[in-house]
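Below are two complexes that have subunit A in common, paired first with subunit B and then with subunit C.
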Partner chain A sequence: MSKSEFDRRDFLKVMGVSGVAATVAGCDMPSYITSEEGAEEVIPYLSPEEYVIPGVGVWYASTCLQCPAGCGIRGRVREGRVLKLEGNPTMSLNSGKLCQMGQSALQSHYNPDRLTTPLMRKDGALAEATWEDALALMEEKTGPSSGISGHRFAWYTGSVSGHQNVLLKAHLEAMGSSNHFVHEVINTRVWQAVCKEMLGQSMPTLRIDKAGLVLSFGADFLGTWMSPIQFSAQYAAFRSGDERGMLIQAEPSMSLTGANADLWVAVRPGTEGIMALGLANVLIHKERMDASVLPPETQELIARYNVSITSRITGIAGDRLIRIARHLKNRSPSLVLAGGPAAGHTTGFEAVQAAMMLNILLGNVGETIEANADFAFPQLAALGGGTTDLNRFAHAAGSGQLDALFFDGSNPLFGAPDHMNLNEKFDAIPFKVAFSTFMDETTARADVVLPIASAIEDWGTHVAAYQNEQHEIAFQQPLMEPIHPLTRSFGDLLLALNAMRSPGTYDEIDDYYGYLQSALGAIPGVLKGEDAAEDDPLDIQLWNQILQDGRLEVPAETSLFTTSVSIKDITSPPTDEAFPYYLVPTPRSSLYDGRHANLPWLQEAPDQISKVVWTSWAEIHPVTASKLGLEEGDLIRITSASGVLEVPVYIFKGIHTDVVCVPMGQGHTEYGRYAKGRGVNPLKILDPGEDTRTGELALYGTRVGLAAAGRAGRMVKMGNTESQHGRKIVATITAEQQRRNEGES
Partner chain B sequence: MSLVRNFIEDWSRYRRSINEGGFHEYEHMWGMVIDLDKCTGCNACSVACYAENNLAVVGEEKFESGQGMHWLRVERYWDEPNIGNERVRDTQEHGGSFMPMMCQQCNSATCEPVCPVAAAYHTPDGLNAQIYNRCVGSRYCANNCPYRLRYFNFYSYYEDSWPSPLDMQLNPDITVRDKGVMEKCTFCVQRIRSAKNTAKMENREVADGDFQTACQQTCPTTAIVFGDLLDHDSEVHKLWHKFQTKLGTTKQKKDNPELRGYRLYEQLNTEPSVTYLERVRDV
Partner chain C sequence: MEAEAETCHPRPRRSLALSLWTAMMVVALILGNALLAKPSLADEIMTPRKQVPSAFSGWLDEDVGPFPGVVAPEGTYEGKDVEQPIEFPHDLHTATNKINCLYCHTYARRSAVAGIPPTSKCMGCHSIIATDRPRIKQLTEYWDKGQSPPWKKVHDLPDYVRFTHERHLKKFLFDNPDMTVERVDEVCALCHGDVTKMTVAKKQKPLTMGFCTRCHQANGGTFDCQKCHK
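Up next is the complex of A and B:
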């Protein structure tokens, strides 16, 4: 690898000029022009810093790191400050659109509770320290002379990809360890495992836009599932085609996607797979669909779930099952998705398998589920996290297998259920280093805390786990200078750590920026010609173009599906007299898994379903509420075998009568002024249990008892009414009327 | 005295009733179409608005008192009344009804004539504008708005809402409103101004798509369409035309009464500039 020809300052100069020139059409005009007179005040175009022109906003492309979906963003920079984020229109994944979490990345960057200096634990408490001392201690504990090696060292991160992952791997390799725990509470690992087994590839392209009907078992694809912004665009096309697509959502409690369904079905938790088998039964035995694509054992299994048995187990009326099956048959091609609550049981894998079997039976594979390609550069591909790793980590930490732990971008102590006793296990690790932007629950227990740059101040490359047919590497570039002078780039630190363990290897690299440039230069055809020699200079024009676009297209050679169906029977959860209800700790596209609880915009953004702000609540059905004698806002006591929560109730009919739903995200004991001490964390009272095939935690498998706590809680909600009271506010027409007027003919 | 005369003349000119054709000397008529069948209720528009327009975060207590400053709020209603022949059942089987609600930029706005200091006025762009430094905080306008879309600064939020360095995010193109001032959605007037200035410098008219409002820009399903209703080539004009919604009426007369497209509470003679397209459900 060669030393980069351009240092960062020069680069910014070039970017400033080319960036302004290229984006001038889209940028803001100085606000001091008074258009009434058509006169301009004379203000010299002072350039106090390169690329800054007073009053002119310039848009720079980067990548959103608010969730693992990896959307492209562009930030409006004026007078050296980034003011507004928008989706990057050149990025095919999100084509210019952004969700509320993405919009709020600014508040993560400008947050008043950012970590600003390194901290080291002295006499039991974290105290301010210098970088030199902190790095010296890390060298002492994990450097070549520390004696630490092998699996006694571990990295713990959130989902990672791109060159960050390459450097993490290099560091682990240098340490002689393969312990990389990748933790993500909200993930699609079960879906991916099923796709891998039944279709031969884990991330096929989904074409909601091509489907006549989407049946989703709990997959909240408009909110938190896989790539919500990509799917939202597809959903818009699905709804506005010549023949408007129909959405059916089956889940225990209503998600954002469920709230947009034509038909929302409350299904008993853990029986989604049986519902899928029952639908297959109707399709084969009542609708006479050809079942020859399914192996005989599968057909036999399906034959066992006739309408009355399925109806008894799932709690869904028989005529409704028949109606859904008819729709599935008549509105081909359809698309069956499964995730979230359907995948979050000990039989999650089997449930998702049953859903995928429906796709095969209905002939959707190849139509609305298209084959995709493996990412051309496997070392850059997404390493998607899961909860399996949380479990593995708890085991490793609990059995004293770890001497040193570095962690970044993840908060396991917030996400871990109490039954794991992770706090004590974590404390037992002798040396823990946090690479953090905030004092979260895990960072607060570290021995060394390193304040890292925000996502808006740093360089990086990212590869989304879900890619369209068009594969792309997303580029992250600083949208402004660091706010806090003592924070450092995570990439730079990774390089420093690697240099510490492998002296000499990274001598010629100045910083992470230089590393990225030379690493991309090493890929033939990206920054140099196909036949270029290794020491040929980079084409700086190309490099600038990539940064301006915020993305780099990568060739994708589609591999074919290899379909195989071999599904197993699903045992539905037994009745439990002590804990008759089911707990659904649902994620929402807002506070997400809790990582956005410190962003005031999202705390004050009313929840999409309940419209509650700033706190936690429990959703229950009116039937359940009257049984327990509860009214809206009253405290409910939720007791599982592993713990108790008290939280105010929100009562509505978008939930199964045997279910209580508590959205995750609140209940922080650290994490700054906006998050700390608000609401409850439903993940804490989860029971042990995991999906038997993938090892993912059975997040939706916890049984609970409910009781009125006997007093009112505090729950602030937007709006005072749940009903339109007969007024024409949100008017609704039937699809038939719409077809008559806006259909093709 | 000429001021008073001008005022009276302009006033009577402006206050022509809808039956007389209303006030028509507009340079632009900014309007919107929001497709409620595409809207998923995700709330991205609302947060984009917070980011663009320096909206204060008021905190739980003040929010409880109804003092949230969400210029664009996404209302959510549960199914009721019945759809078609279907009766409401014991589950919410057709999902929710979401509605992004922002100032409807009424052309016969109920908020304007009640302002004792004419801080609420109508621009030649068809916008219902609020002059912050003229506002004395009588709150008559908010009281008169049938949509409840005006937001009053009961407090000075600067310190609490933007503790340093959050204040660095503030958009310098617009102000931070202080205690005693009424505020509301402006259809991102700073973006309109900037686009008009650019067009002027390039010696041309503002073209459709030159700029987007913050909510429209971010909408993941492109449910929001914004533009100039006077520009017959604009997307928004075409949609108004397609769905046969018109300005200048209190009741839309459509060739086909089933055609989607309505203005909220237009029977109140407020002349809103936003057309909503009905939500659709397959039953």
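Up next is the complex of A and C:
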């Protein structure tokens, strides 16, 4: 309980001196606890705002920036501090729900490892500096008189949208460059490219809730794929309808979605597309489905993948393929999704194409895959990242094409495989500026580090890449004043940079808040009436309403699908004597791509599959374990052509026998006290290789050799047994019974 | 729940309340004043109490407490003199000038915490009243520096206790037809002692679990653990 009230500013000043631990604990200053009289101070507000009542929380809407899905949040603010986040019920994207990564945004904000002052490199090391000096150096190196121009300047960011994107673009234009690298390890670029080619639009609306059956090739739509919160809500409806929807997940190692499936199928990595072709073969040749929607070449290709050939390549029993095909036909409309491991090969595009072909064959397009619209304001639409940009950047940096780089919201040096030699290439760029909240691997090698406000302290507008039929702009507003007085809003800095390059353009505007207001005011009918003149004042009530809702609805005019099917054959990965296994570096809805490794709540949250906390582990099948002579917790040595990892093993059956899965997220060499020096980063030992059509890195195409390291590792796991010891905590049936339910004799 | 119990079983409730009250007084007499004056925390928690039947919840019809509709909680406490940055005279404000407690501790009726008044509230009067007095000069110095005085906390409860002023004021004052808001100091006095006779506030009630539960027992308060320990 709290009996103290602080003036918000005074409070923040005190916090700046005394550290954040007390704030995290939610207790009064000082941070020791006593009820002794006269021992603690209780400092009242100097002059409180009308609506502030100590002890009573007020909820404000904002946007979650913990992953690119862009869900709406509401934060409970009390005595000037944000205490709890929940989903914003008015956002159609996540309708009031929030995942554990979203909940943990608080720890990102209150994190004791936040960057608090600007830093500049002096004599090889980063040292504290003033904003004036940092900005002066930036002006010297990238200002109008610096001589830098054109493509020798670049921005490197994570997925970005809304007005931040507008200002980034304006800055690039002013610099005369079009070099904007947008990096996101976990992305849906291959899916989007396939949708664009086969349906004519890259982000159709998915309706899991309307499907009788969902067949997902590796798309972890309940965990990390595209818009997991929205899909979880759809999934709940899908499972609780009159006829319970059936979920079949085919993937090399079990994801959170896979763990929820009625039927989980272990598929050999890189053969998911062939499985889709084989299913089409059964549907056409055994189930007599009309194939006339497919062009003759595609039908010919499908004809080549009969059950026995498909079964041999994918490792899935023929009768199982037949049963899945039958379910697909009988539970129409179905929905076939593909992503993650299915898309992460050199043939990823073709695999996702094959999955989409199934949707067309099964008549799902128009039923469970609905046409969507382009975002009405293209300048605000999401610029979704990918790994193609990492590759492009490595090439540009390595060939000396860049003189100056600004980066924000991305950590390429953590995400880049060792074979790219990105550290050296990065160091070779003469001037690098980090806009960061934490000292991550990339920030640590910058020449200037600018401490920016946390997502909870800043303004912004965001447009999620995946929008359902109801398009919206999500609003980010500060839920509290900055904890650290020397941090700056990213939007304010973008304005300052633009003013530096194009003096006079933003003279009328005080700050990013003012910029957002005037930018929205310029859209007819948003902050003024439809017929208002340009200099009519803004309707501040409308502005307040938008902030209260945390969103602005945007009209969406649906365009029609233009279906075209022209799929290519898929070469399955060859056998490799030296490296007989496949490395599967899956993301989890906790540490994600590693950006959340500095949040203790997420480190502490048991992994959804293995229940391991605070470290890395490798998942292998019991058959593989016994072949290698490994028991749970023993160290396994994973060797690829590009590097070696040693990590404790977790043995379970939800994985293909030829696969080792090491979740991504750990293995930081920087990134604060909770992340640094913990576990291993599987991305480091990936082999070169990219999807031939999109250029996305083949994240799941690395071949490895496995061996016992001969030592026990250290792995903390919740619930140290896989058995219920007869207690029936969760109702189970035998595999045999399940097979009978499935229709097997 | 409480309202229901009152309409269904008014008489048994009252008689049980009175007998419990009598029993408590007897126990108090036997144990003697000294024990009640300086109870240890363990004693307080261990003070025997019966499970309160559901019918026993609601208001007493007679004036058996310090003011209508309440049985005063048992227990006193000899608090320390706490040195405050400015020696604030509660008596001068409440007794002499008849300022209502809720005028300054304005959050008490709306929040879990009563709140120390914002410094702007002090200055609302003292930018014109008594500006020549030394204590007001001290206050004005803080105000001019843009600071609030670093008051010392006198009444506090452990962090595992959730006490709400709002709920208690509602019960004893706003929902009590026999009380008026002018007499709020009598309600505050239940837990804070008679502030109208103090200068700097001093703890006069033990504010222990025993103190709370005795009052809850006598006045039909909750015995649901998680209401206070959530």
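Assume the second predicted complex is superposed on the first by the 681 of 745 C-alpha atoms of A that agree within 3 Å, B and C clash if a C-alpha of one lies under 4 Å from a C-alpha of the other, contacts with A are read in each partner's own complex, and residues count from 1 in each chain.
Keep in mind that, in the parts below, a residue touches a chain if its C-beta (ideal position, glycine included) is under 8 Å from a C-beta of that chain, and two chains touch if they have at least 3 such contacts.
Please read these numbers as outputs of a predicted model, since none were measured by experiment.
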* Please name the chain, subunit B or subunit C, that touches the greater number of residues in subunit A. => B
* Which partner does A:371 reach: the first (subunit B), the second (subunit C), both, or neither? -> neither
* Given the touch rule stated above, what does A:54 touch, subunit B (first), subunit C (second), both, or neither? -> second
* Asked: If you stack the two complexes on chain A, which partner ends up touching A:589: first (subunit B), second (subunit C), both, or neither?
  -> first
* Asked: Does the superposition put A:644 against subunit B (first), subunit C (second), both, or neither?
  -> neither
* Does subunit B (first) or subunit C (second) touch A:601, or do both, or does neither? -> first
* Overlap of subunit C and subunit B interfaces on subunit A (superposed complexes) -> 33, 35, 38
* subunit B residues within the subunit A interface of the complex -> 35-38, 40-44, 46-48, 50-52, 57-60, 63-64, 68, 70, 73-78, 80-81, 83-84, 90-99, 161, 163-166, 168-173, 190, 193-194, 196-198, 200-201, 214, 217-223, 256, 258-260, 262, 264, 276, 278-283
* For the subunit A and subunit C complex, residues of the former touching the latter -> 1-5, 7, 10, 27, 33-48, 53-56
* Could you pull out which subunit C residues touch subunit A in their complex? => 79-80, 82-83, 107, 110-120, 143, 146-159, 161-163, 202-203, 207
* To do: Would you tell me which residues of subunit A are touching subunit B in their complex?
  => 25, 28-29, 31, 33, 35, 38, 78-79, 81-87, 94, 96-100, 102-104, 106-107, 110-112, 222-223, 228-229, 232-233, 235-236, 239-240, 244, 246, 249, 254, 256-266, 483, 589-590, 600-606, 608-609, 611, 613-615, 623, 652-654, 716, 718-719, 721-724, 726, 728-735, 737-738, 740-742
